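Multiple structures are listed underneath, in structure tokens.
Shared between the two complexes below is chain A, which pairs with chain B and chain C, respectively.
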Partner chain A sequence: MTEELLCCRGLGKQFGHKVALAGVDLSLGRGRIIGLLGPNGSGKTTLIKLANGLLTPTRGEILINGEVPGPATKAVVSYLPDASYLPSWMRVRDLVNMFDDFYADFSADRAVEMLSTLEISGAERLKHLSKGTKEKVQLVLAMSRQAQLYLLDEPIGGVDPAARDYILRTILQNYSAEATVLISTHLISDIEPVLDEAIFIQNGHILLHRPVDDIRETEGKSVDEYFREVFKC
Partner chain B sequence: MLRKLLKYEFLATARVFGVCYLGLAALSILAGLSMKFPATSNNIVGVLMLMAYVCMLAAVMLFTFLTIIRRFYKNLLGGEGYLMNTLPVRSWQLVTSKLIASLAWSAASLVMAALSFALLTIAAVPTFSLFWEDLATVWDVLTYPPAYFELTTGFSFWLFLLEVLLLLLVDGISSICLLYTSCMVGHQFRRWRVAASIIVYFLISFLVSALLDVLPGNASAQQIFALADNISLAVNIQFWRLILVDVVLGTIYFAVTAYLLEKRLNLE
Partner chain C sequence: MSWTFDGGRPLYTQLVEQLKAKIVSGEYPPGQRIPPVRELAAEAGVNPNTLQRAFSELEREGLLHAERTSGRFVTEDVSLVEYLRGEMARELADQYLDQTRQLGYSNEQAVELIRRRSEET
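Right after this comes the complex of A and B.
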């Protein structure tokens, strides 16, 4: 695999007059955990949705393994959206079966194991689960895949601190060494310990993309502190 | 992949349609039974039940129509679109799975409607012996038309039936695909997407019917009528003209839908 995993060239997305992304150039390598960090409305979700083919670029292009988002890229990208997106009438075990049906890299055994650790019954319908439990189910499904690229949009946003720890540990334990995990969040202090690289994004512009160690050495502070400094209101 | 999509499409819709059909069957039997026992000369209950049955029948047809739209709009362009559009499948496969399921439910609803009417008449028959006599009559009535048809038109009834069914099928396909195209074109607008979809639907319907009026096929059909001493041939030609038009339209609507879903998706 000699192509870049994810590459944006002059990527722009506009919604009417609102510019969500403005000429983004980005390149993601393999085998690292990257934080996509920015305040609300900075373009994090837009970038991730473009990578999944859920939005059409207004300008430029976004490529995964050198290809435009399509069935081939969707087979190797595992996406965890910010919102609830699974059919609420389905039972948890139906969803496991569905993911198993469609994704060749999905491990039903791993999913069942994680669900039982979290004490989530397979027979429950999604609509009867609490918001936090639903989010855990979504995360388990996303992380039970052996994908090349994981795109996690605010995976710990609405979840209690104990569950947050579990989620981060799950992410670390379940992704393969050659895969890249892109975590978009504004809760930096929680995920900073697991990050290899950080991308700062504001108003649709990429401000920086550097290794986390580099930031700490050069700026002499944690990424969280540096973030607060850069995005000071 | 298409088979898997179909599996989940039917899983999502089977329960709700099953309940509808059971309700319709139950109501038709009740309505039939209530007509069997006239308590007074004015059988209020029977009339009310019959009215309820007719309403239920209309409701089931409306429900089928709305479900066809809802399954496309909500599942592909709503929140569930985040799941469906990130599956490793082609957009034409997504559209085809919806189309096949929609056709299946349309056919099922029509069959259920006929069946429920049969149930109603069976339940309404006063005595059992009369029931068997009725059945014999029904059979005679059903088998009479083919013979009569062939006698008067010199045209095979079964071929005619086949053409009617084929026309129903391609008309169903093109009608459903038009609904999908309207959804996808409406989706291209940033705001008022639902209103846009509805307007687009009526606009396309109007334009297409206007176009078909102008199309040469119409005039030449009349000419054929004048020329053909064989009426059945003229009818035949008309059928095939309609079938062809629907095939062309259906293909265009399908292609536009699949293209917009693949290249012009903007889920918010």
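Right after this comes the complex of A and C.
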């Protein structure tokens, strides 16, 4: 197992003339919780989709465990998309079984336990759940894998503050020295205390990638305040 | 005591301070076993690596010590905890004097005020 979990070299992605990522160099280690922070349209989701192999790079490369995204990397990457992607007619318990079939590292017991803490019934069909509850179900499924890399695209945007706390605690309890969690969000103050590192991204460029406490120390302000200053409209 | 953090200072520094306060106040008495990093990090809602760093600092200062198999413990050196208590109280006293001075009080007036307040409460 290499020290470097995810590596981007000169990674670029264009949609027609629109540049989504412009030559990103990035290296993520293991055992970290990292915030991918940027305004709307900065390239957060594009980067995450490239890491998943849902998009292919226009330029440069992205590697996970030294490999191009494919079946081998997907087995160790747990991805939470920013949109609902599960068939809405399915019941929660069927989704748990489906994930159990799909992923060798999935723990159905863990999922069931988390769902019961969040008081979500396995008998419910997805389409009868509220937006926030649907998001909770997706997050439970993503976090119930023993993956090496969790890519969580806006995991806390639609859920209430109490559930947000529960989700962050779940991420912390699930922490392992081998696994890294990359969380994209603009709700920085909520997740700031759980982060090791922050990445600021703007117009497809990485503006900074630093330890959170380093930012607080040298800038004398929280990452949230610093973000508001850097991205002031 | 719950955990609260303010904005502009490193979390690691704030964790060190709050853990010290827990040791001095007796919430973590001498010789007591401290919860494992992961558990305490989840309770405080902070990053485990940041908490680990705070633990290392407290170990360096001799307030905590790690036993290889059984966990991490508060020092049994009561005089060290006593010294820390004095240190923290001195810091509070300095802050008080500093702030009353900004209000235009002399040190004598500040001392007199404290004496009167302590008799009233």
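Criterion: the second predicted complex is superposed on the first by the 231 of 233 C-alpha atoms of A that agree within 3 Å, B and C clash if a C-alpha of one lies under 4 Å from a C-alpha of the other, contacts with A are read in each partner's own complex, and residues count from 1 in each chain.
Basically, contacts are C-beta pairs under 8 Å (C-beta built on N, C-alpha and C of every residue); 3 or more make two chains touch, one makes a residue touch a chain.
Not measured: the values here are computed from a predicted model.
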Are chain B and chain C a fit on chain A, or do they clash, once the structures share the same frame? fit
With both complexes superposed on chain A, which partner does A:Leu54 reach: first (chain B), second (chain C), both or neither? first
So, A:Pro81: does it touch chain B (first), chain C (second), both, or neither? first
Between chain B and chain C, as viewed from the CA centre of chain A after superposition, lies an angle in degrees, nearest 10, of 160
Touch test for A:Gly220: chain B only (first), chain C only (second), both, or neither? second
Between chain B and chain C, whom does A:Met98 touch in the aligned arrangement: first, second, both, or neither? first
Partner chain in contact with A:Gln173 - chain B first, chain C second, else both or neither: second
In the superposition described above, what is the shortest C-alpha distance between chain B and chain C in Å? Please give a whole number. 28
Shared contact residues on chain A for chain B and chain C? none
Chain C residues within the chain A interface of the complex: 5, 7-12, 38-39, 41-42, 44-50
Touching chain B in the complex: which residues of chain A? 15-16, 49, 52-56, 70-72, 74-75, 77, 79, 81, 83-87, 89, 94, 98, 101-103
Chain A-touching residues of chain B, taken from the complex the two chains share: 1, 4, 7-8, 11-12, 75, 79-83, 85-90, 190, 262-268
Give the list of chain A residues in touch with chain C in this complex. 31-33, 165, 168-169, 172-173, 175, 193-196, 212-214, 216-217, 220-222, 224-225
